[in-house]
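Two complexes are shown next, each including subunit A; its partner changes from subunit B in the first to subunit C in the second.
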Partner chain A sequence: MSNNGKEIKSGGKTEALKRYWPLYLMFLPGAIYLFINNYIPMGGLIVAFKSYSAKKGIWGSAWCGLDNFKFLFSTPDAWVITRNTLLYNLAFILTTTVVGIIFAIFICDCISKRAQKIYQSAILFPYLMSSVVLGYIVYAFLSNSTGIVNNTLLSEPINWYATPNAWPFILVFVNLWKGVGYGCLIYISTINGIDTALYEAATLDGATKWQQIKNVTLPELKPTVITLTLMSIGRVFYSDFGLFYQVTRNSGMIYSTTNVIDTYVYRGLMEQNNVGMSAAAGFYQSICGFILVLLANQIVRKISSENALL
Partner chain B sequence: MKAFKKVIAVVLALMMVLALVACGSSSSGDTADTAPAATGSSDAAPASDGTTKTAVGEYSESNPYKLTFTYVEFYEQDAAERQAVVDALNEYMIPNYNIEVEFYPLSYTEFMTNFGTSIMAYDEYDVIPVFYSTVSSWINAEAMVDLAPYMDTADGQKIVAALGQETATVSSINGFQYGLPAMKESVELGGLWMRADICDELGLTEKYDLDKSDGTYTGTIYNWSVAGDIFAQVKAAHPEMTPLYMYNSDQSPRFYFVDPLVDRFGVLDWQADHDSTTVVNEFETESFRNMCHLLADWYDKGYIFGDAATDTQGTATMIKAGNTFSYATAIKPGFLAEANASNNTDGYAMYFGDQVEGGMASHSCAFFGFGIADSSKDPEMAFKFLSALYTDPVVMNYWQYGIEGVDYQVLDDGTAYFADGVDNSNFKYYQNTGWAGGNQFISYVWNDGTKDAGYWDALAAHNNWTYYSPAFGFMWDSSDYTTYITALNTALETYRAALSTGSVGSANVDATIDKLNDALYAAGLQEVIDAKQAQLDAWLADNGPTATPQSNLDLIATGEYIPN
Partner chain C sequence: MKKVDAYQIVTNIIMILWTIIIIAPFLLLFMSSITEENVLVANGYSFFPAKFSIASYAYIIRSGATILKSYAVSIGVTAVGTLVSVILSAMMAYPLSLRNLPGRRVLMFLVFFTMLFSGGIVPSYIMWSNTFHIKDTIFAQLLPNLLLSAWNVMMIRTYFSTSIPDALYEAAEIDGASQIRIFRIIALPLGKPILVTIGTFAGLGYWNDWTNGLYYISKNKDLYNVQNLLNQMVQNIQYLATSTSSNANAAAASLPATGIQMAIAFVAILPIMLIFPFFQKYYAKGIAVGAVKG
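Let's turn to the complex of A and B:
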């Protein structure tokens, strides 16, 4: 990608346009779609700074400065929800990446193609499940009166939905179970794309399986890992609403370890229909995510510049 | 990095330009600063020449005002039949009101989730459904018409005559009347629905005369400790059964009465003093603590469903599953037949409470209703239609039950039921949702086999078994405190389910209540209480405290409280 960029520069912009216009043409519909769907609505962010009046509309409403942002920061919950959002997302990124790579390597080494396909599909299946269904599966395990865990594994039942300390582990595990398949699939396709000559050469040199993984597979996976991680970091201030709302069954007693920015905003604003405050919350999440992506990209550039996105 | 900055700059610039183009056209709504109906031409019927003049326009039979009537539909209707009903209704509306109605039905979920967004976008509506706890943000966004000036017109006076002054104006915040309440039983009275077969088996039916009641309140109310004894018997006879099903829905009005002054953050403690106008913290009252202890005790004894704090299945599902004895619920005349039908199980209704008859507060009366959207082209005409929903039986009957002879028939005793060949499973048009808006008391009684023509009177009479809150008619304006309310809601929700279902356990009740109160005060409860008190004092200075009518007091005096 970066090589192409250099060529364009050396050739001058007009020449590049002449040379690549069919490619730009192909890119156009997607660009227009992105523009209409993702960029135009951004204008609405202005509502975050207004005391919204339906009668006067977005532009006619009076400005109110940062008043709408107050509810995010003026409460004692601000620290808890920010901490939860960040830490959960970091844990999610770490676990799904590590476990995803391990699974991908295992699956690629399956000799039977048939088994490979089965494992691949099986691991992806939870990813396609709605979080409502997921919530009920977890509930089947953890329910107080009829749960599998309380009725078979434990002699002394635990009220899971009122035990805050258990939830960081439960949620990380559930998210891993649900999410690992997606990244895994991408890693599998990357591994399949690695030149087999590399492995053959390694085998000839007498490399063990572990050495092959360490010296061939992992380095080849690095760009994919970095891209996927950068993309997840951009969403680190968002959270999987379904996971934190449905899977916890909206249980109050565990808010201290399960309340994240999205669920806080939902609970707070569902009742109130406050357009300005909702926009402020979204704005805050986007700006933080944007800054984080730039920062992460900078760090990647320092460590291995050819893998940076921008 | 330089190239990147350029890209960003271009993208941002383009974004702003496009946003301006896209949104710049949205402010065309405020062309006519619609003046209230002070023009004097607001008689209910069109003037003698058959035209209706308003500040905005002039309408006649050939040029009627086209009005959108938005309401919540709780059962699925046949679209073609609904249109037929609208056409039939218009044959009546156009000559009599110079209004041509168009129905705009919402599902309940749509109403609770998406409709607010549509209101915020200033989409064009006339008459719209309102819900007391979301409406203040609509008022705040200038999306609602203030009905107060219209109440002085002839149409408005007809409404006052039909509903009574207090009820007609109860949906008001800070002097801004946003709507008219649905006419229904509004009193907070209730107790338990219990399975009939188990009651018969354990001799409870005889002991408490359970088979004599259809749900109508007769003044006999039992202390909750009686319920504890009943649960103990059920538990002993059927250890596999859940004596009391509770779920994540607040049943505290069953155990004690406070006037929540809309949102529960700062209340009037009736339980301690019926006449108190001092705003206090509900979660520090004796009543709240007693309820929590009682429920936690039941939970520890295994009377309450183990997953109560997180369960959302609802009562009908659990009763049908066959493993549940009872649930706590509000009760009203005719309740039993409806509950038995939806539970598919025979049951009895028994009133429980804590020495106090039901309470009437602003929010329970103003719960659902209809208002007028500020985006209405002609609010005067919209008000005429609104007035018809409360005073014209023809309009109510069309909207509620459809076309006579096609969708429903009027029985000999003056009640209504499905037309021949139509029933609950194959109806094309049937709303029967007068409890959510309009004045159902002027429409036919829907006789599903358990009701008679006197049913509306029985419902209205149910409201007489009540003390009025001194703040009845007052609704607090929380618009300057939305930040606080958001934080307070989170604090309350953290502990509410565990406390109000007992699942916190007896040992932890006091500690958890302390934690709840700490969290509430940290979230600014004191500021909200102070603001509420100031607004209430101002309201009391203008209106004086609302007194409970003497007839209600006399009626309540005839009741019987059974402490144990």
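Let's turn to the complex of A and C:
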């Protein structure tokens, strides 16, 4: 945590307390919300070690040790959802980072300010769509009978929502389409912050465009890229529930390549009423996620401390 | 000096292509919503429909009580949620921006820890439904997850402590202004850019949310927002596709025609399209600042 902040006058501790109690009061409503919405569920994670009964609640339900975990890890699901979650996230990180950097460089180099603005607006726009709408849009392309892909592009229609092998490509593309703008905007603001003298010097030395990118832009982008990537790596155990639920239309035929931890937990909890298994998977996700966030943050702190979270 | 060379031409062509790739799907959605239903069923979705019809939109306005109600829920929840969210976040961020506040580090950690660790949906779901009984109430759309984010609080705090000159606070203190007054007359007005940014984040979060409805609204469908309504139609279609039972008839009966679904989806993104030019600047800035500085 950085230490910048406004100085307020403080005498003794009690005097300060007397003077600044309204500040604590201001903090309180938000703190109560975080306590309820975030902290109570952390304690509620113990449900993973219980044989949950809705009547008895989390605290009243009987302990069952590691039974939920034994069940979870004895099914092939545990491996499938872990593999899918991690591989998708890695593919997402790779594609959005590479394409995001390329687009950012292209946009910043564009001569026309107006075109720059249009490109920036365009790449951001899909990011603001809800996953439900995203699902509709994808359906307009891939629907069996009415989809534009089957109707106009293919002679032999493909039942996309029952073809597991197609989904890694579809989801990576949809994620790129929706999400590339986020990183791209950050890269653009970093590139705009690069001292123009560096480019002028490079031009004087006769550097080609590619040499300028390689020797000035990319090195200057490096800290931002590393920070963003590590932050994403800290979240590889989590996925965009909407992407994997809405865009796939929750289609059972393609679970093998579209089931991730978040959709698995949802289905266990809401569709199959298997709270134990769901809770075990959720616990597994929370703990692995926590460890990775801490690790990623440690590394960011080593590289550039002002970008670290703590 | 930049000049129009091969590099400029190639990169602009690539960016124009990508812009088209982004716009085309929205265009397809819109064209589908104004295609005649029979043409839609026969030929599928198309950029160039054989026959136009505004029947879908007429239907929404004329007989769609459910649809209009869901818009009302979306608008109301977004307005209230955003307002409360911004106020709560600012109130939480202000004390954290004061360096000498006793216990500040502890308070900061309380907020910050929620960014690192999460209990996940299972305990949250059990708590909200069994302890607070928010199922099938309007609070289900407002309270879980969306009201306050530690990330937003941190962003406001950073803005308060770096972008508002110390001298202003000092002057106010010398004038004997109370802390709450300083917050009201200095921090809030000067923090307007960041508060608008956080407002766009929160507003978009509420407008686009469909998971709260998915988890917590099962019986009282009057509380569906637009996204929940769209989601329910998808579920009904999937149900029809996989089910042979007689319940399927009920699902089929409650299902609007394809064109109407696309029309609802289009109207769901319309508000975002309309205000996008105005909030884009704030939103984009928020992303750039938030991601790197936290």
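As a working rule, the second predicted complex is superposed on the first by the 207 of 310 C-alpha atoms of A that agree within 3 Å, B and C clash if a C-alpha of one lies under 4 Å from a C-alpha of the other, contacts with A are read in each partner's own complex, and residues count from 1 in each chain.
Here is the rule we use: a residue touches a chain if its C-beta (ideal position, glycine included) is under 8 Å from a C-beta of that chain, and two chains touch if they have at least 3 such contacts.
Predicted, not measured: the structure shown is a model, and the values here were computed from it.
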item	value
Residue contacts with subunit A in the superposition, subunit B compared against subunit C	C
Partner chain in contact with A:Ser131 - subunit B first, subunit C second, else both or neither	second
Contacts of A:Tyr119 with subunit B and subunit C, given as first, second, both or neither	second
First, second, both or neither for A:Gly44, with subunit B first and subunit C second	both
Touched partner set for A:Asn159, first subunit B, second subunit C, both or neither	first
Partner chain in contact with A:Val275 - subunit B first, subunit C second, else both or neither	both
Partner chain in contact with A:Ser53 - subunit B first, subunit C second, else both or neither	first
Which of subunit B and subunit C A:Asp109 touches, first, second, both or neither	second
Contacts of A:Gly252 with subunit B and subunit C, given as first, second, both or neither	both
Touching partner for A:Phe71 - first (subunit B), second (subunit C), both, neither	first
Contact residues of subunit A, present in both the subunit B and the subunit C interface	39-40, 42-44, 52, 54, 57-58, 139, 143, 145-146, 249-252, 269-270, 275, 310
In the complex with subunit A, residue positions of subunit C that touch it	2-4, 7-8, 11-12, 14-15, 18-19, 21-23, 25-26, 28-29, 32, 40-41, 43-47, 88-89, 91-92, 94-102, 104-105, 107-112, 114-127, 130, 132, 143-145, 147-148, 150, 153, 160-162, 164, 166, 169, 173, 178-180, 183, 204, 207-211, 214-215, 227, 230-231, 234-235, 237-238, 242, 258, 261-262, 265, 268-269, 272, 276-277, 280, 283-284, 287-288, 291-294
Subunit A to subunit C touching residues, read off their complex	1, 3-10, 13, 16-17, 19-20, 22-24, 26-27, 29-31, 33-34, 36-45, 47-48, 52, 54, 57-58, 103, 106-107, 109-111, 115, 118-126, 128-133, 135-137, 139-141, 143, 145-148, 150-152, 177, 182, 185-186, 188-190, 209, 224, 227-228, 231, 241-242, 246, 249-252, 262, 265-266, 269-270, 275, 278-279, 282-283, 285-286, 289-290, 293-294, 297, 306-307, 309-310
For the subunit B and subunit A complex, residues of the former touching the latter	4, 11, 14-16, 18-20, 22-24, 26-27, 29-30, 113, 116-117, 119-122, 133-134, 137-138, 141-143, 248, 305-307, 309-310, 312, 374-375, 482-483, 485-487, 489-490, 493-498, 503-504, 519, 522-523
Subunit A to subunit B touching residues, read off their complex	35, 39-40, 42-44, 46, 52-60, 70-71, 74-77, 139, 143-146, 159, 161-162, 249-253, 255-256, 259, 264, 267-275, 277, 310
